[in-house]
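Chain lettering (A, B, C and D) follows the sequence in which the chains are written, and residue indices restart at 1 in each chain.
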Amino acid sequence: MDFRSDNVAGASPQIMAALLAANDGPASSYGADAVTSRLERRFAELFAHEVAVFPVATGTAANALALATLTPPWGIVYCHEDAHIAVDECGAPEFFAGGAKLVTLAGDGGKIAPAAIAARLTERGFVHHAQPAAISVSQTTEAGTVYRPDEIAALGAFARQEGLALHVDGARFANAVAAFGCAPADITWRAGVDALSFGATKNGALAAEAVIFFDPAKARDFGYRRKRGGHLLSKMRFLSAQLEAYLEDGLWLENAGRANRMAARLGAGLARLGGAHLRQPVEANEVFVELPERVIGALAEDGFQFYRWGSAEATCLRLVASFATRDGEVDAFLAAAASRLAQVNG
Amino acid sequence: MDFRSDNVAGASPQIMAALLAANDGPASSYGADAVTSRLERRFAELFAHEVAVFPVATGTAANALALATLTPPWGIVYCHEDAHIAVDECGAPEFFAGGAKLVTLAGDGGKIAPAAIAARLTERGFVHHAQPAAISVSQTTEAGTVYRPDEIAALGAFARQEGLALHVDGARFANAVAAFGCAPADITWRAGVDALSFGATKNGALAAEAVIFFDPAKARDFGYRRKRGGHLLSKMRFLSAQLEAYLEDGLWLENAGRANRMAARLGAGLARLGGAHLRQPVEANEVFVELPERVIGALAEDGFQFYRWGSAEATCLRLVASFATRDGEVDAFLAAAASRLAQVNG
Amino acid sequence: MDFRSDNVAGASPQIMAALLAANDGPASSYGADAVTSRLERRFAELFAHEVAVFPVATGTAANALALATLTPPWGIVYCHEDAHIAVDECGAPEFFAGGAKLVTLAGDGGKIAPAAIAARLTERGFVHHAQPAAISVSQTTEAGTVYRPDEIAALGAFARQEGLALHVDGARFANAVAAFGCAPADITWRAGVDALSFGATKNGALAAEAVIFFDPAKARDFGYRRKRGGHLLSKMRFLSAQLEAYLEDGLWLENAGRANRMAARLGAGLARLGGAHLRQPVEANEVFVELPERVIGALAEDGFQFYRWGSAEATCLRLVASFATRDGEVDAFLAAAASRLAQVNG
Amino acid sequence: MDFRSDNVAGASPQIMAALLAANDGPASSYGADAVTSRLERRFAELFAHEVAVFPVATGTAANALALATLTPPWGIVYCHEDAHIAVDECGAPEFFAGGAKLVTLAGDGGKIAPAAIAARLTERGFVHHAQPAAISVSQTTEAGTVYRPDEIAALGAFARQEGLALHVDGARFANAVAAFGCAPADITWRAGVDALSFGATKNGALAAEAVIFFDPAKARDFGYRRKRGGHLLSKMRFLSAQLEAYLEDGLWLENAGRANRMAARLGAGLARLGGAHLRQPVEANEVFVELPERVIGALAEDGFQFYRWGSAEATCLRLVASFATRDGEVDAFLAAAASRLAQVNG
């Protein structure tokens, strides 16, 4: 009955089991353990490409460390105005990148397009201006939508042309892959992505993300940044074990697929209700729905938990499904919404 | 047979069990969960003092965030020349504190004393000099020794007199408390300590430390620093649960006591061997012993793991016991050392 | 014939004379000299208020150091989207403020208003969001307009209400005061301004600005920031002497008044020409005029220097008058513009 | 009668004249002026090598910007424990380099040698340790001594071997060149120096230093750093004009030569006095002399100004001669010292 975020869910049993399994005798610390040493190859297989992989415990760390690697302190990172890196990380990217600048852009459905970036490119080599350095997009976006492979590829081509790096904040990367049924490569390196914050926490891990670089040479200094950021875990095996289990037997896509299906069910149900208005199509595991103020209050009284989207007074709700969301919870919400709407409309 | 560090050990079963227990349905994220909300009181009881408590996943994060709170960017943090913050954190304190300066001091047994700090105090208000801001000591020290309550109190009194903050890097704080059997308060706030990095990872947790401030008013901005450092976990309950279990029923002291006893047994055994020389008394869970080069090589061939101390060519070994170290491992090492020394001496 | 900027002008003879006069025998360094010691009182008189005064050599230094004093690293500085601090300082404010964030706002005539800021205030105490800390406005604005005393006062009242500091980038502060004939206090502390970058370079100095705090207590740490920013001059007398001469006998207002009159003359002349369109009323020493592309090219061929405004292809020119601009230069430009427009229109 | 520092002197008349001459009509700003454009060639001739030249107004800016260019944020800069960058810049290098670390070394006569650095080299590629990045030496040193060409060359060879950059803080570079009569190249690029803070302020300029890179490719990003540090002057011609005049007709060496001769005269005179003890040979423009406490007090009463060296209670004086020091001042000091010593000894 808790649709506030996918981070209110706990962890997948498989991942818990992996933690227990990893707790078997001594292991070399700081990533020199057996589990961690397997991870790089595992990710390389997943992406069908050489990669450098750096596990960290939070998405903010993954994003900020990745961006600090891709931009100099005088660089500009272009992102959507609602991007997590711009709005919800308390300036972590600016901190890690030594005072770099985020230039935020408007864009429908939480997406940015090359034209919007092009309009804000500053003059290269002009020392008065911070310099274009990187583009960062969220996949899935903060609006619950998914960049299609061709949309990412358009950004990737633009980035190449303009000498920018392309970063993907993939806190919900699994939901995007599950949505398309595409290969992970299709919306990353094949589309020109340089670095990916590969999220697991929101989709079944306790606290595990991996920063993936598709050109390991660019990640040469990442280890120093991670260490001095306090993000190198001594008992790394417990972080790596989460990621390994997450990838094992397709758990990551199974979890994301379930979350997506629950959101689709929720969205479809709401769409059928008079008085409820889906702000945009449900593409992954989030539903944005406008409801009458009285209905929102009544649903809260009914014990459902959710966030209003945009502000504390907004009448748009964000409903997030996770791997742990059950059909019954969705149906209970739909029934309550139908009932409360009927009261209001009636 | 692995004496390299206490961070090669896994996690205590009780802490694993707590993780599993915490994984029960949805919970509010970012620390608004039930487990986390209990932690502050739990620590207040432990220290018999009002506290502000901030769980983080690594000791480097704990230290760097604590120090950044205690010093302005133009401040000086005084510490021992072997201090973890100076040597083993890749500049994390300087990074988090916006370019503050560590002034490192010599001192026997890994300890610094007021006189050594006094000799390096810079002129207050003289804008050319970085300004004295804080003292940081490791408890237990990097030399395996323990600051006695009166030693901490002397530093605390000096700190008050000079307007400095006093920080304790307590990565092995439990080992110090276990060594003295003192109250945690005796070597913290009663002795003038302002902030403590309370370690759990090395002593049975997977990845959990707590930054403790004894004057919560000084911690007012810590939350922002933690967030923008990427150190605020979304599924915080899994971090807090480790700390809660760590404190439950005295597990932290039980674990530390065992580690200390194992080190004592190891030290006592080595002291009896001709050709082995303990560099200093064993006070907590680390043994520093000088052995002939050929013996060191032979012990490595025997399958024992350890680090040379000081450099890759040093003939002083650091042997670290943990909560997971067993009597048999210690005895095996002692037997092997006796045998190898006999060969060499023979 | 050079209307590119007021920084292409040289220095006022009176300021040059003051430099020569200051070069008389030894003087204490780093601001302990006689000239510097007089400055604080001189500025206090000028503003009819207690002040703390810190001379620096550049406007970027003045702005970045002032803002770093007013915002924590996790703070937000609200400013116009065309503000010098946002566009033309290569991220200096972010650098000096440890990674703080500029939130840029649209606004007519280069001005921002409380409502625009109010719409972007983030939730206080919510650690995920950078926190509202300061407002910075340019006086005169980048659009050549001048904030009226009541406009500043409205921002000041809003700042007080919301707990924000108010900073004025006064690179052209003299032009604003000259435009109104108001007391300097009227558009600073009486209107709620906390800190002012008081510019002199653009208006007759060689390289001299003063950061003015109207509550000296807030400037307590400024000296350290200035020193570690490399902005404390050893032979400070030569910087202070420029500022002293700038204030002496009203030179600053005399210079600014001349610049304003020259711009007014230019603006009035252009307004009378068919085919020239003033983008906004001329309020200080800058004229923004739209001209046909062919006329722009022709004027450049005629030897006039100016910048296009907005981009290299824009057909809006920014024409800047300085204390050194002569009537003849203005008239020559007007004559050439008339002639070239006639050709085009003809 | 003021021997406190060479920065208490004013400016050379020739440099003042150059300022006046530069104040002739409009000039392009930010370094696009004619004077600045001549500087790079002028320095290239001086050093007989291709150079990139960046004028700034202070020595702290020159040092901090140069070092930030040579070291990553996780780098170590090795320097003498008395180095200006370590002691007298309020942490500017750490600030500009994003939290890099200065490792300070003991060394006779204010000098460091390869062996002392070698003893502190950290393990390359070991992410826990800040990484060796640069060596910085002061020429002349803070002890008034001068690194001989072979001493610099030894450091340069060591730097090459270890992959370190070599920086020279040349606040008194002219005094060193004048002391040897060597070519500037002999103690810079020929000896392996990568970057030089070429000082002029202490030796006759008002406020002018130049950062010189002997491999312009390494300075590619310097312009951004300078701008965002607030160190790019708009009316750059006034800074460049000082440097041009400083180099013109050998003024820099003439000034330095005079300062050195005055110090030599002072040192020789003091050496002849019973009760005065030169702490080290006078090699450039500074004299370090130990005198009885009562004599020091008496000389202060006689109106002489100087700093005690080391602390406010030290009985070692630092006496600094500058281009403006006159024979009569030296002789007056010697006469007073002789007289006061006679009283004390008598």
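Keep this in mind: a contact is a pair of C-beta atoms (placed from the backbone, for glycine too) under 8 Å apart; a residue touches a chain by one contact, two chains touch by 3 or more.
Fair warning: this is a prediction, and the values are worked out from it, not measured in the lab.
*Asks:* Going only through chains that touch each other, what is the minimum step count from chain A to chain C?
*Replies:* Contact-graph shortest path, chain A to chain C, evaluates to 1.
*Asks:* Taking each chain's centre as the mean of its Cα atoms, which chain lies farthest from chain A?
*Replies:* D
*Asks:* When the C-alpha atoms of chain C and chain D are each averaged to a single point, how far apart are the two points in Å?
*Replies:* 34
*Asks:* So the centre of each chain is just the mean of its C-alpha atoms; given that, what is the distance between chain A and chain D in Å?
*Replies:* The mean C-alpha positions of chain A and chain D differ by 51 Å.
*Asks:* CA centre of chain B versus CA centre of chain D: separation in Å?
*Replies:* Chain centres of chain B and chain D, defined by C-alpha means, are spaced 42 Å apart.
*Asks:* Quick check on chain B: which residues sit in contact with 2+ other chains?
*Replies:* Only 30, 73-74, 89-91, 95-96, 98-99, 127-128, 224, 227-228, 232 qualify.
*Asks:* Provide the residue numbers of chain D that touch chain B in the complex, in ascending order.
*Replies:* Per the stated touch rule, the residues are 73-74, 87-91, 94-102, 127-130.
*Asks:* Give every residue of chain D touching chain C within the complex, in rising order.
*Replies:* 2, 4-5, 7-11, 16, 19-20, 22-30, 56-62, 64-65, 89-92, 95-96, 201-202, 206-207, 224, 227-235, 238-239, 305, 324
*Asks:* In their complex, what parts of chain B are in touch with chain C?
*Replies:* Listed in rising order, the residues of chain B that touch chain C are 30, 72-74, 98-99, 127-128, 131, 221, 223-228, 232.
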